[in-house]
Amino acid sequence: MANLGFVGLGVMGSRVVKRLLDAGHSVTGYNRTKAKAQWLLDAGMKWGESPRAVAEAVDIVFTMVTNTAALHAVTLGEDGILAGLSRGKIYIDMSTVSPAAGRELAAQVAAKGAAMLDAPVSGSVVTLEQGTRWIMVGGDEALFEKVKPILQNIGPKVNYVGGNEHAALMKVATNLSLAVQMLAFSEGVLLAEKFGIAREKAVEVLLNSVIASPMVKYRGPFVLKMPEEAWFDVNMMQKDVLLALEMGRQLDVPLPMTATVNEWLTAARGMGLEDKDFAVLFQVLARMAGVGK
Amino acid sequence: MANLGFVGLGVMGSRVVKRLLDAGHSVTGYNRTKAKAQWLLDAGMKWGESPRAVAEAVDIVFTMVTNTAALHAVTLGEDGILAGLSRGKIYIDMSTVSPAAGRELAAQVAAKGAAMLDAPVSGSVVTLEQGTRWIMVGGDEALFEKVKPILQNIGPKVNYVGGNEHAALMKVATNLSLAVQMLAFSEGVLLAEKFGIAREKAVEVLLNSVIASPMVKYRGPFVLKMPEEAWFDVNMMQKDVLLALEMGRQLDVPLPMTATVNEWLTAARGMGLEDKDFAVLFQVLARMAGVGK
Amino acid sequence: MANLGFVGLGVMGSRVVKRLLDAGHSVTGYNRTKAKAQWLLDAGMKWGESPRAVAEAVDIVFTMVTNTAALHAVTLGEDGILAGLSRGKIYIDMSTVSPAAGRELAAQVAAKGAAMLDAPVSGSVVTLEQGTRWIMVGGDEALFEKVKPILQNIGPKVNYVGGNEHAALMKVATNLSLAVQMLAFSEGVLLAEKFGIAREKAVEVLLNSVIASPMVKYRGPFVLKMPEEAWFDVNMMQKDVLLALEMGRQLDVPLPMTATVNEWLTAARGMGLEDKDFAVLFQVLARMAGVGK
Amino acid sequence: MANLGFVGLGVMGSRVVKRLLDAGHSVTGYNRTKAKAQWLLDAGMKWGESPRAVAEAVDIVFTMVTNTAALHAVTLGEDGILAGLSRGKIYIDMSTVSPAAGRELAAQVAAKGAAMLDAPVSGSVVTLEQGTRWIMVGGDEALFEKVKPILQNIGPKVNYVGGNEHAALMKVATNLSLAVQMLAFSEGVLLAEKFGIAREKAVEVLLNSVIASPMVKYRGPFVLKMPEEAWFDVNMMQKDVLLALEMGRQLDVPLPMTATVNEWLTAARGMGLEDKDFAVLFQVLARMAGVGK
């Protein structure tokens, strides 16, 4: 069993740690707010006093934080992970951050004699807990093979994508379609509803059609009943969409669908719905169409 | 076995007739160009001299034509289907036409003492020949139950949607997502490619992700190799998208994704690509991004 | 002075007739509802019992109606203008209708030995009454020169554009920018307002900037105070935008700005604001941004 | 006459300095590349060895640089302007940078006992040289009144907008319409051209219509003949559009027109046209419409 470290014990990160502990690994964790990690400490996780301390104590250190700024906060500086890395150590970032920022970090990690992989994970806690999460990994392939069994403890379907940041880029390239598909789905449901077809019926038909991606299948029913707690809220969805738009500008790829849907995510925020699952795009469009209260 | 008629023996219609003949039904067919129907006549189909003659000779008559104008051509006038309908006969339209036009026709059919169902079928010939086609039906439910076994000979998954034109509307509400999903998918692939990821790899990753609808799964690989013959060409795709936009305006439903993708279909036409499968949206976007020749 | 006829005495048409009467011309008018024309009869206009009767009684007949269907209603059939036209007569359509429909009509007029010009007028009554209206004319140039003095009685700036329907097309090509400019202007005002700049100040700055087209100059202040009566309401604006989109599809010209703004006009309708001046696009966007009630 | 300093002597900055020298002011200048400033030194400008040196030597110091990063480079650090400011000095930034970044800088300037105004200038050199440039100013109003005569030496129309960064915001809120109006104008021209109207005629008509903003009037003719040198190139235009989009996200204002046109600017870059005046949007659209080579 491996000697692992984990920095960033939020909703998703903490569940990943739990799966690693359950698989029998030793895990040293760090989080800005220690209290939130108590249940993991109770489950056998060790505590590191700083990201650097975690990196010093283990062979393989993971991060899973909210955005590029947070990643810089835990990797740079005197107490950061970089300061604790040394020859032979492996650093795996599971955050969804700017591929450009990740690439820069990979170079700094290499300068310390360590190596970095990107294995961005986002989306719903449900598929993670079910163990059906599909994990993409970027970086050196030999390194990937080495850590693959550990990643399989997180999600059985682990897939090597290519060089550094390739997984991060593919995450972004995938996620732009989440919001786009959801808004187009909503357009279809509202057309049906205003034509006189029951919303339930319209959803049923669409969920059995050729446009029913796994995302549409699990999120489509939300237009009938929004979940108590967001699986992936508007702010998180927009974060990924903005990363796509940033890459589009850097790489000179026009993104007409992504750019359009992004403004509807902004509208959701304007209407005060930023904490809702991004399926709330349906409600934003419904208001524009004069449907419902 | 039933006594059936079929008007419109194009690529799709002729294959439907073949399935009905194979199932043991008697089929009387009509097509503007008789020569194209020779293989069906060889397979046992009878010939009707006009749409009206077909309607007079059978109990249940089907139409499957290109657009609203073509539907009017075979239903109205002295030689049209309406002139051949009488009490107790059933008329099933499988074309994808304006739900508004269909509703008007249903009223005219009812005035003749006959009854109409809409069972629009579009999309690929492949799923039809595989017998995996999902067919939605609108109209009177008792009538639907009566013809259901016959429709199951066309495609096993037959589904009652609701009143007249409800199936036609749902077809349109579904199909708008086809083009939208394809363009968003293309955005993702091009981001990946310009970042340095092989196009094949990008497609593979996306086809295994949560955005992989059945449509994305079978059409996504077209960005690697376009099919010799279009499954569903730009003109056909745009026809459905325009029906959606027409309904959006009639029903006051804003369709931001649909309206945006429609202009890219127009661009495909501007570039002379209207005969290609609509997966050619990828190539349109690629040119804008300066990729390829 | 000329012997003129005028069919369609709505808000705009009646004011055109008034200007023609004031200039000393003889005018025979027709309108579906005679009562609305009483003030013109009081001012000296003669009455024609039908569009045909008007055409028979005069040398030059004008139409100014709402849309293509209305134009067909007054030109076709037994009592239509075509039936009243004969060699040497001139027919001038001032409606904004589909250039394609207009072209067809021009051919029918020519078949009667008469000639047709298109001189579409839309927009605000104010510039018409001020006599500052700019009128574009399409059709035969010699014919244009002949009627030019009469058209100058309507608006001093009369401009020959080219062949039949060229003026109609240019009207559409111009008007698509009205809605687009208004929505972009609204985006700017709302950015300013949510940044903490008074709406009045933002409008003042924009009205003095390089983006202040005449349209922006007279309609921009509407975001501060909407007019009691619409100058050009959402439905009229969308009619022109839809003509542009129809031409874009026929001519294979992608219209990304026009297509996008059209969905916001649809949203205005969805919100029940179709009778408001199209400057109400500001309010639609404001709701999306969570501004105002 | 005033004792002025100027940091950033690019295309626009150098011309501003020339106008200040012509008006009789003393100007101490600094630029990263001194050679480019030779003609100004020949015209009487003094040289400062660093931004800090300039700030120390004068009463009022201006900056005019490309973007936020460049602004930080000349204001922060040991040799930066901030280090040279002291009580009573005035700092005026004429760059177009993020209003948020500008606000932060204003606070740092205030902490030194100095005061900051924002007077962003962008757009064409022509209107600057003609002395018809309209300058908006944000910051303390009393301070504004004090420097107003100097600003009027740059452009006669000087206008106080409001608090700090209000001018910067209004610049962005204005400029988003530049690109939007240009693309919509192009849509109109291409519709006309593919309908059979000469491009020259279409431009003439549009330039005389209600949509002809000053921007459309001077840039519209570029679709007939692109200028040798860009007045405002695609990259500069997109920089401003991106600032608008950034503010839209921060302030929760959906910007459907701005977001859409931004992707067409990206397309221009993808096609290798980033150095052209942004009127090249016409050519991007023309390619999509299959017009021209």
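Every chain is named by a letter (A, B, C and D) in the order it is written, and numbering of its residues begins at 1.
Quick note on the criterion: a residue touches a chain if its C-beta (ideal position, glycine included) is under 8 Å from a C-beta of that chain, and two chains touch if they have at least 3 such contacts.
None of the values given here were measured: they were computed from a predicted structure.
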item	value
Set of chains adjacent to subunit A and to subunit B	C, D
C-D compared against B-D, more contacting pairs	C-D
Copies subunit C and subunit A - interface residue numbers shared by over half, same or different	same
Centre-to-centre distance between subunit D and subunit A (centres being mean Cα positions), rounded to whole Å	38
Interchain centroid distance [CA atoms averaged], subunit B/subunit D, Å	52
Length of the line joining the C-alpha centres of subunit C and subunit D, rounded to whole Å	37
Touching two or more other chains - residues of subunit A	248, 252-256, 260, 264, 267, 270, 288-290
Pairwise touch network: line, ring, star, complete, or other	complete
Residues of subunit C defined as touching subunit D within the complex	99, 123, 134, 136, 157, 159, 161-163, 165-166, 169-170, 172-174, 176-178, 180-181, 183-185, 187-192, 194-198, 201-202, 205-206, 208-216, 244, 247-248, 251-258, 260-261, 264, 285, 288-290
Subunit B to subunit C touching residues, read off their complex	238, 242, 248-249, 252-256, 259-260, 262-264, 266-267, 269-270
For the subunit D and subunit B complex, residues of the former touching the latter	256, 260, 267, 270-272, 284, 287-291
